[in-house]
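Next come two complexes, and both contain subunit A; in the first it sits with subunit B, in the second with subunit C.
After this line comes the complex of A and B, so read on.
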């Protein structure tokens, strides 16, 4: 029960929530691409600040997503460490200078250049992470399909996505029921059983799950077809929200940010990295 | 005046996957504005007939057609599902599964979305239609927040929005509790009068549909139309009963008592049912001769004391329930959806753990038993057999629980074969499960629990979606088990089931026990039926007519029914 609540949509009525789903999708894509296109620490820091400000405006419940953040931080720190282990000299190569912090041996030498490079990478991840979470947190799931369709994703693919959201809790409930009924007949999926035993047990749960899901699929596709689904080349969406002034402004701002970042990257710095060492 | 809207002429249909035709030489005309009830057993072809109207046949389920089926003068096989959906609106049986939107508004709008109706026209239209089915305050609600009855209203709105001329209901009552079913029938009737459409209801719960007037009853059996006539004429004959369809209770009571029913007595409605004085006397005398009741007075097997439970710590689901089940009893837990009856059964088998209170099995506190240990003592059979079956062969499926428990191979064989014999599955033991019908699968799941020799079997809605013949088959099988000493607990909102088969029941309302005792008393008490979303049986009205106390009369009916069943064996 509690698990399904983690990613549920709550309309908090902030300006961010009020934006149309299509706007959110476009802005999300623009800002994430912007942060992917550059390693310039100055730009990245500004982007990070922007994404944090947006999260703040949207009243993003950081506390509820604590566990997600912890997983994410563990992941990027691990990545940070691995980066150093696999290519400790990459920073030097990039910036062309060598400012040693300390030496472990010939291969593992920690330099400021390496640190700076890895720091830039870390900020990049940190930028995208809240943006992505925010996007899922503030978009009305039923609007999502219409937004995807809005950026020219074929409507059948969009419906598949919406249906997945619609039926996921049902299938999850089926799974719980099946799992418990099997346990009552002596299947052990707990950690007490050996791995091999657990795999066999889980497969026994999957069979009834597949069958009951297939029943459901037949029913759903009948129900949809009986109401004229799939006959036309396009469709409209009840949950679609027309773009209004604030949407145009938001998109314009994001385009501006995106273009500025590209401009900095190709015309001002003319390099992937901003080099403070020269 | 009479303008035909649906015309079958010598129509036959055979699914490509089957050898024999499912529908044979159907000749049927339904006129504009008529309300028609189609009855028949599962597999009789009544659903196939419905699917011929909405185009699922032949466009989705392919097969060979001979003869003609015209809707509004056009051959259906020359149209498409999408075109037909503009004339025939279908409300399917499973109101949850057909809810394709993420909220009510979206689901109602679905047909308009597919028609590329612009948003400006769509929104007001959705609101207008939602108002017709009293759902305008729920446009933003998700299906999880709605009751079964509300979801059905949404499904109905979803087809009404297409301004269809024919409304087709495929077993609209199957997933509803009796009170909600009654409201649904009233809603369909009121809507028909308002929008002047043709209504076709496919259903085997005859008495519940007859709560409002229908113009014709059509009986389908073995792919053919056996009977097509005025409800009063149909009920006066015995054809329905001979074809495995349950008559309204008051009609069968009168027939049991030896009253000759004629169409001019208006047997199709309890309110208009007229009985002569001598018929009343006959019924009264018959009822008085079946008064004696045997009460099972055995030791207590299972006992719950002051059970409390909540899923989230905020909303209490089980709020201080105490009850006991005696050895050898057929015990029913009843109550409306969400009252806590399924949760209570989950506590009993250990799927959920009570927050406080104690469960005793033969005076032993079973708090520390694992799910498996409990499963050996208290077995549970889920409603949907597809959720339980995890092997491909019948023998393996039944043996499964024993194998997991490390029982010796010879003993497994012996116990499985014995159980299969009891369940009437022995001849099929080497069959694949996929070859079985729904009712047979149900029996396999019961066998797979029975083989563990539990002291108690809990069945969740054992007869849901079953027609009268299969219902009787399952229930008589359970009754035989019960007669052999098996204690059975059933969770149900099927009134006939509890009335005819259960010794005792508890009614749960808002997590508390509201009534405990004989089912015959529960179903003639207005307060109890209202609280539990049941409905008063028509025996109540008949008892009033003949001048006997309703609970005595109901009990007499049950006794008479049971003794007739036993004579048959």
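After this line comes the complex of A and C, so read on.
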């Protein structure tokens, strides 16, 4: 079974890595909400350029993540076709005009409006994706919980995120072990088995996995209780980094971008889409 | 039997269980994919985990299992978080957790009909109402696409949540001794 090495943090010492985790979280949320609020192709292209520049500064190893990009491209292309199959007239509805490219039949008519709408959507996906990758590529996992707490998420919920990330590899290892052990006993979980057979065999992996995890819960919660976890109303974090000048600058820039996008959306274009057809 | 609050306890054990539940959700979501007859959809047995943790630890725990599990999965998969579906997962978890007050797995009882009712209602709201509506509001997807996708996932996810969740609940209940297993003579 192949191991996933997708999520591995390496401190490359770039300016992006040096920012505090809290700054990265705030900037990530601001930029991704900004790209969520708009469908204006011009704005989206600028946001895409910004996120590509950030990934370049952070020395993001595009080559190593090729498989992710291919997977992602297949996903959006599938979505692209599904969209056209299910709602080929949605573009006209949005823009209120009709410029036909070619006609297949009454229902499936390819229009410029539809192409433009789907292109905008494609750019939007492309824009959101590197942001999420960048965030997880540059944030120190042990700083993640303290950053969440920094935006006033209750610290017990932060612990949930931190512990889940901490125990993901352990449970993954358990899963692999149980899977191999059951395969050694002749239970087929591969693609060759029939659907019904696979469901039965997966339940034979699931039960030991869940129960061993529940045993682990006892162990960890005892250890945490012994150290007095959850007795006080708030909590400090070992890995918290105080905000310095560059953090303030980064946050200010992101707020500026966010406000500009909202301004464009509500006062300049006044619509979700920028309409080049009128 | 002590009275249970609707939202469940929020002690250290619940927090740890929630975290490990989210990690479990993540592992299953990521590695166990049974292709379903419908194209491009997988039977996600991970939803059975939210159902089980909901019945065992309450709505807040299950909400966080669904939310953290799904959000972290999207991060790890690398295509950015699809917030509308993450929120739908969290809602499905919350409703699964509403069955907590009516279940008594700790004392070896099997989940009753409230378990099924809450889960079906929750899954319906999540995939047929919340996910499509948020898709339209947040991502401006056309209505036809999202409702078709929503209906397909409702059917598949409800089946897997109920079947896997019920198997887990029954297996867990079987390991607990019933509070009334001793008779006074």
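Points worth noting:
The criterion applied here is as follows: the second predicted complex is superposed on the first by the 274 of 278 C-alpha atoms of A that agree within 3 Å, B and C clash if a C-alpha of one lies under 4 Å from a C-alpha of the other, contacts with A are read in each partner's own complex, and residues count from 1 in each chain.
Here, contacts are C-beta pairs under 8 Å (C-beta built on N, C-alpha and C of every residue); 3 or more make two chains touch, one makes a residue touch a chain.
The structure displayed is predicted, hence computed values, not measured ones.
When the two complexes are overlaid on their common chain A, residue A:163 makes contact with subunit B and with subunit C alike.
When the two complexes are overlaid on their common chain A, residue A:234 makes contact with subunit B while staying clear of subunit C.
In the superposed model, A:202 lies in contact with subunit C only, and not with subunit B. Within the superposed three-chain model, A:216 lies in touch with subunit B and with subunit C [touch as defined at top].
Once chain A of one complex is fitted onto chain A of the other, the partner contacts of A:225 extend to both subunit B and subunit C.
By the document's definition of touching, of the two partners only subunit C reaches A:75; subunit B does not.
Residue contacts after overlaying the shared chain place A:185 against subunit B, while subunit C stays out of touching range. Of the two partner chains, neither subunit B nor subunit C is touched by A:105. More residues of subunit A are touched by C (comparison of subunit B with subunit C). When the two complexes are superposed on chain A, the residues of subunit A that touch both subunit B and subunit C are 162-163, 165, 170, 205, 207, 211, 216, 220, 224-225, 229-230. Those residues of subunit A lying in contact with subunit C across their complex are 4, 6-7, 32, 36, 39, 65, 68, 71-72, 75, 78, 82-83, 86-87, 90, 121, 124-125, 128-129, 131-133, 135-136, 156-157, 159-165, 167-168, 170-172, 175, 195, 198-199, 202-203, 205-207, 209-211, 213-214, 216-218, 220-221, 224-225, 229-230, 272-273.
If you check the complex, the residues on subunit B that touch subunit A are 54-56, 60, 80-82, 85-86, 90, 92, 94, 96-103, 105-106, 109-119, 122-123, 126, 143-144, 158-159, 162, 311-312, 346, 349-351, 371-372, 374-375, 379-380, 382, 384, 386-391, 400-401, 403-405, 448-449, 452. On the side of subunit C, the complex with subunit A involves touching residues 10-13, 15-24, 26-28, 30-32, 34, 40, 45, 48-49, 52, 64, 68-69, 72, 74-81, 83, 138-145, 148, 164, 167-168, 171-172, 175.
Partner subunit B is touched in their complex by these residues of subunit A: 1-2, 141-142, 162-163, 165-166, 169-170, 174, 177-178, 180-188, 204-205, 207-208, 211-212, 215-216, 219-220, 222-232, 234-240, 242.
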